[in-house]
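The structure follows.
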Amino acid sequence: MNADTDMTAAHSPARELRGAGDAVAGHAISCRDIVVRFFSERRSVTAISGLSLDVPEGEFLTLLGPSGCGKSTFLRVVADLLAPSSGSVTVLGDKPSRARANGDVAFVFQDAALMPWRTVLQNIELPLEIAGKSPRKHRVRTMELLDLVGLSGSENAYPNELSGGMRQRVSIARALIGNPRVLLMDEPFGALDEIVRDRLNDEIRRIWKETKLTILFVTHSIYEAAYLGERVLVLSANPGRVRDIVPVPLPYERTLEARETPEFVSLAARLRRTLETC
Amino acid sequence: MDACSTPMNAPAASLAIDEARYLAEQRRLALQRRMLPVLGIVGLLIAWWAVIAGFNIKPFIAPSPLLVMQTIIQKRDLLLQNLGVTALEALFGFILGNLAAILVASVFVHSKILQWIFLPIAVAINAIPVVAKAPILVLIMGNGMAPKITIAAMVCFFPTLINTVRGLEAVNPQIMDLMRILSATRTQVYFKLRLFSALPYLFSALRIAASMCVIGAIVGEWIGSTQGIGAQIIQATYNYDSPLLYAAIVMSAFLSGLFYVVIALLEKRIVKWSASH
Amino acid sequence: TVEALGAEDGLINLQLGYIAGADQIAEVTARALGYFKDEGLTLAIQPGGPSVDGLAVVASGRFEVGEISSSPSIMLATSQGIPIQSFAAGLQRHPYGYFSLKKNPVHTPQDFIGKRVGVAPTGVILLRLLLAKNKIPESQVTIVPIGGDMSPLLIGRVDVVTGWLSNTSSLRALGDERVGLTLWDAGVHLYAWPYYATQSTLQTRPDLLVRFLRATARGWHVCRTQPDRAVDYLMKDYPQLNREDERAALAIKLQCALDDETVANGWGTMNADRWQQQITQFDQLGQFSGHVPTVNEVMTTAILDKTRAVRMAV
Amino acid sequence: MDACSTPMNAPAASLAIDEARYLAEQRRLALQRRMLPVLGIVGLLIAWWAVIAGFNIKPFIAPSPLLVMQTIIQKRDLLLQNLGVTALEALFGFILGNLAAILVASVFVHSKILQWIFLPIAVAINAIPVVAKAPILVLIMGNGMAPKITIAAMVCFFPTLINTVRGLEAVNPQIMDLMRILSATRTQVYFKLRLFSALPYLFSALRIAASMCVIGAIVGEWIGSTQGIGAQIIQATYNYDSPLLYAAIVMSAFLSGLFYVVIALLEKRIVKWSASH
Amino acid sequence: MNADTDMTAAHSPARELRGAGDAVAGHAISCRDIVVRFFSERRSVTAISGLSLDVPEGEFLTLLGPSGCGKSTFLRVVADLLAPSSGSVTVLGDKPSRARANGDVAFVFQDAALMPWRTVLQNIELPLEIAGKSPRKHRVRTMELLDLVGLSGSENAYPNELSGGMRQRVSIARALIGNPRVLLMDEPFGALDEIVRDRLNDEIRRIWKETKLTILFVTHSIYEAAYLGERVLVLSANPGRVRDIVPVPLPYERTLEARETPEFVSLAARLRRTLETC
């Protein structure tokens, strides 16, 4: 990998500048008393109630919680896809809309959300196009990402010709291509087999370490949450609120063997107990 | 595109407050949705009036909206009576034409072979202007409402056919697989899946048809009628009675609008599952 | 069969070539005064419209009697082998004509030279007849195809438009500036409002047509002698009409319906020579896409002959 | 509904054999898709002939297809020349009307307020019969091709508008979210997402318009024209020349069909990602 | 739970009869040399190549394999959604189409495939409607299933008001309501949190034990595959073929503690190694 094409190296001067400004704020994401409600003619649901949270810049935070507790909803609030009914959110020291507009936020959705009329390659290149960058110039980078997610050779397939896991991998590559500063991942590896999942787990930590980006990672796997995160946020359901925030006592450099350590096992057990009472 | 409201640090915004805010917003939107079309129509009338006044256009070329309104008020009995006739023809034509189109589309979607054989026939027949069909219709149906209804129905038929065929085929392939595993009969697939999948297309077609069926009824009246907006239009044209002509046209536009609104409301009632999001 | 549909006893359907209204004033008056009932008939007026001129409807046997605006339609139809015959003429003089404005008038056929004449596609042949009759080369006149309305004259797109003198309402748009030249005055002598029926009706049920014509003639009598009353009946059946206009129009219609010919032969009379003249004129312009019809194909005086007394009384 | 072919125990069915089988099947389908419409049209002609012969219908009411074919062959020069004129008007009207509709729909989809104001106006104007609009058009545009093209365009406009508005709004909400996170501009959302989502609706509308624009051009010719199928229809009607009338109608049906086929082929070329499944 | 509403109890006489007939054949699913190819104008893909497999009636078979190896495709062949390019398949001793037509096959798809115009309840009741049974009569049963998947209270929500995991749970309930004899599950628990997942894992084994149905269960979790299955089928990719069939040496009655046994750990390790070389 040479520096030009390394997916972790693309720090523009502008980014450096913005980075310096944000450093004062210190928090990549900061929420106070967020309430999210959904209304329809028939019923109203409080998905999140009074959630407060600070995520320092450069943190890898994993989110665990029972199905329907508001994890996706919370990510959507951070990504400026949803306005909270009340409460305040800042992302990179500013309004979520600003962070988004700066191109600092990327999202891997629970379902792949690919454009059926675009090939794999074209889907991955979409963020480049939107940002006004030439996809051809970044082709080497795109190919690396394709390789990373194990889809080399399928670049000209259309989404409806792919398996569920392949589609999800395309959407992961798409999220990574824009060099975001905040990466929101909603069960990105849920449809992947364990081998690929383990590899991507290591890759995502490597990327995180190299780029210092902030990651919010929703997962249903306690092991994944513990292995990936620096802290694990556990949400409880009905309505969603912070149940616990658990620091992960694993070393900065982790290998799969780390899962065998007693610290890991006891952390996993604690998380499981917490979850069971959510 | 800024979805985040300004930060608000009230410690406990209650559900009731949020709900009230939601309802107020809904009411505001509903009001807007009701007032803006009125604004549009009023704007059209003003623009019309301005053109007439500004270019000093003589009334027999195009009368001013005021004159037309006067005419409408003066001859309201006559106009309303004629409107009723046309409305009835248009309504029956609408129902018949769309039912027939949905029926044929339903057959087509079940047999590609029949579709490939009969769709070209539909295209060809749709291309025949009313004048050419008219004598045959009069011959078969005489001079009553029947031929007018038939023409209105024919005018509705084709757009609804095309849209409905497509709509009935626009099923989620996953759900189609599910139906297949359940060994659903064609009828079940049709009534439980296809029909719902077709609704967006169908309502699009019905909106088009709502506007077209009135034209169909009017054109139908031109094959021989003493009653109805179409007859009135011919009469007014024949007499160069522009105010009456425009009054009749305003009536037909009103009728079209009414049909359209009814369909739009109907859609809102039926398609309620996609309300949120 | 189609014939069976219209065979109800005593019911007579009059199929028009155009919308029903002012032009049926005599029939409406006769019906109102019970003249049709006197003949044992119930008259139903079946309108046509811009999309249907009714001739095929009558020819197919659906309705018994037809009336169409101009005699050429009868000739063109017989030329195509359609088995209908005219049996009376509503108007002797065709009220169709050419209208211009005083600032650029067409008083005589010669005035057409250099003018732009707006005519509907089907009116082109009538203008060509007029030009041929007056030995004016067609190249001297610009024919502008327009729809059936007068605004092109008013906005100066053309110098001449066509119209019906009998339709007072429509001519009001031209106001005092109007200059008119009728086809008749320009030497083209067509019949207007000819009545027709199928040959089979003429042969098998002539007496139906006789009774129809008798009642209609009596209607004309009332139109002539009590025009206001006739207009009253007209307004009653067609309230959308304008009374003053129709009163004025009736005067013009009477002028067209009753002239020297009718003094001699009664209202509705037709002259074989005049029919022959029209056929010849059309033929010379190559208008018959079928065969050239003979007078006997086009018209019959059989019904006229049997109704002479009543018609003379108009 | 039996998807499983009969068991086949050939030890190693090679890729080449399967591929050949697939291609053969594709060819068979393509052939069917081409031949069945021909069958349909031929069937229609035979039915027409049978009705004429069976009910002994006189030629002045409806001529037999044989007579019409003869007329077409005899007068092919005249008919083709007129067809050319009408085709040109219809084509321009098609392009203009649909472009305008797509444009307006694009505006509407970006501003609900404009939609609520102007859609009622579109509904109202669409409800005005051509005869009533014609004098004004002639007034503005004179007697050339322009008013005919305009009328053809107007006839196409409304169905395409309604369908395209709906199509442009029929975006996958997930992908819309993605575009939003990417801070895509409205233009980008439009060109990279909405337009593609609208394609099924748009092509449905274009099929409708393909059939309608020919009628529009013909009706346009009735407001005053010496050339074109519409003028020919008027002339033939006036002359009671029903073989010529029907020949003209067959021409217009042919033109409609041609437009329709072109659109269908265009769709097949453009929408290729949903080919399989 | 009384016998009438117990979801495992609805053995009709007709079913008894058919069951007897199939016993002769012995295999719930039997495949010989299945090849599945996808063709498009641009490319052709061989998704499965020469797969042969016998699944005895009443077996719980789990499927593991790298993403894109043809697991979903294989399930689709068994469900008669796809005809293999060559090879033969029998389901319950008959053609797949016959088994399907008998209402013996149910499928939980990789994505939930709910009808957006039906509420949760109506979606679950769909198979009853299709089978011509009165949903009202089976309401108690439906409610039990709703409870099983933890969605009591959401029965009147529309799918677009649900979270991803909730949607998937609806589809599980829908598959169970028809009392199938062959249950095909394509990553049914992928979108669920571990707590719910563990509970459903136990529930599905309970149902399996009580009803003796045959289950083909695709999962990406090695632990899940080992914990649930009587045998684990490992597929390899490009093209999909049987890599290994591993019997699970766990007792018939299993609890979560079984995962701590050395047999389980070594089985998982073996599966992991096999998968890594797929």
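All chains are identified by letter, namely A, B, C, D and E, in their written order; residue positions are counted from 1 within each chain.
Criterion: contacts are C-beta pairs under 8 Å (C-beta built on N, C-alpha and C of every residue); 3 or more make two chains touch, one makes a residue touch a chain.
No experiment lies behind these values; they were computed from the predicted model shown.
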Exercise for review: In contact with chain A and with chain D at once: which chains are those? Just list them.
Suggested key: B, E
Check your understanding: Which chains make contact with chain B and with chain C at once?
Key -> D
Exercise for review: Sort out for me whether C-D or D-E is joined by the greater number of C-beta contact pairs.
Suggested key: C-D
Exercise for review: Look at all chain centres (mean of CA atoms) and spot the one farthest from the centre of chain A.
Suggested key: C
Exercise for review: Could you give the separation in Å between the centres of chain A and chain B, each centre being the mean of its C-alpha atoms?
Suggested key: 47
Revision key, fill the gap. Whole-angstrom distance, CA centroid of chain A to CA centroid of chain C, is 85
Point to revise | Approximate Å spacing (C-alpha centroids) for the pair chain B, chain D | key: 19
Review point. Which residues of chain C are in contact with two or more other chains?
Key: 50, 56, 60, 149, 151, 155
Revision key, fill the gap. By the touch definition above, chain D meets two or more other chains at residues 1, 61, 131, 135, 139, 180, 237, 276-277
Revision key, fill the gap. Shared-interface residues of chain A (touching two or more other chains) are 38, 40, 80-81, 111, 161
Study note, to complete from the structure: Listing every touching pair of chains gives A-B, A-D, A-E, B-C, B-D, B-E, C-D, D-E
Check your understanding: Which of the residues in chain D end up touching chain E in this complex?
Key -> 1-5, 7-13, 15, 18-19, 21-22, 272, 275-276
Check your understanding: What residues of chain A sit close enough to touch chain B in their complex?
Key -> 32-33, 35, 37-41, 44, 46, 50, 80-89, 95-97
Point to revise | Interfacial residue positions of chain B with respect to chain D in the complex | key: 1, 32-33, 36-37, 39-41, 43-44, 61-62, 113, 116-121, 123-129, 131-132, 135-136, 139, 158-159, 162-163, 166, 170, 173, 180, 200-201, 204, 207-208, 211-212, 214-215, 218-219, 230, 233, 237, 245-246, 249, 252-257, 260, 277
Study note, to complete from the structure: Listed in rising order, chain C residues that touch chain D in their complex are 50, 53, 55-56, 59-60, 73, 76-77, 79-82, 120-122, 124, 144-147, 149, 151-152, 155, 157, 287, 289-290
Study note, to complete from the structure: Counting only contacts in the complex, chain D reaches chain A at residues 172, 174-175, 177-184, 188, 192-193, 196, 271, 273-274, 276-277
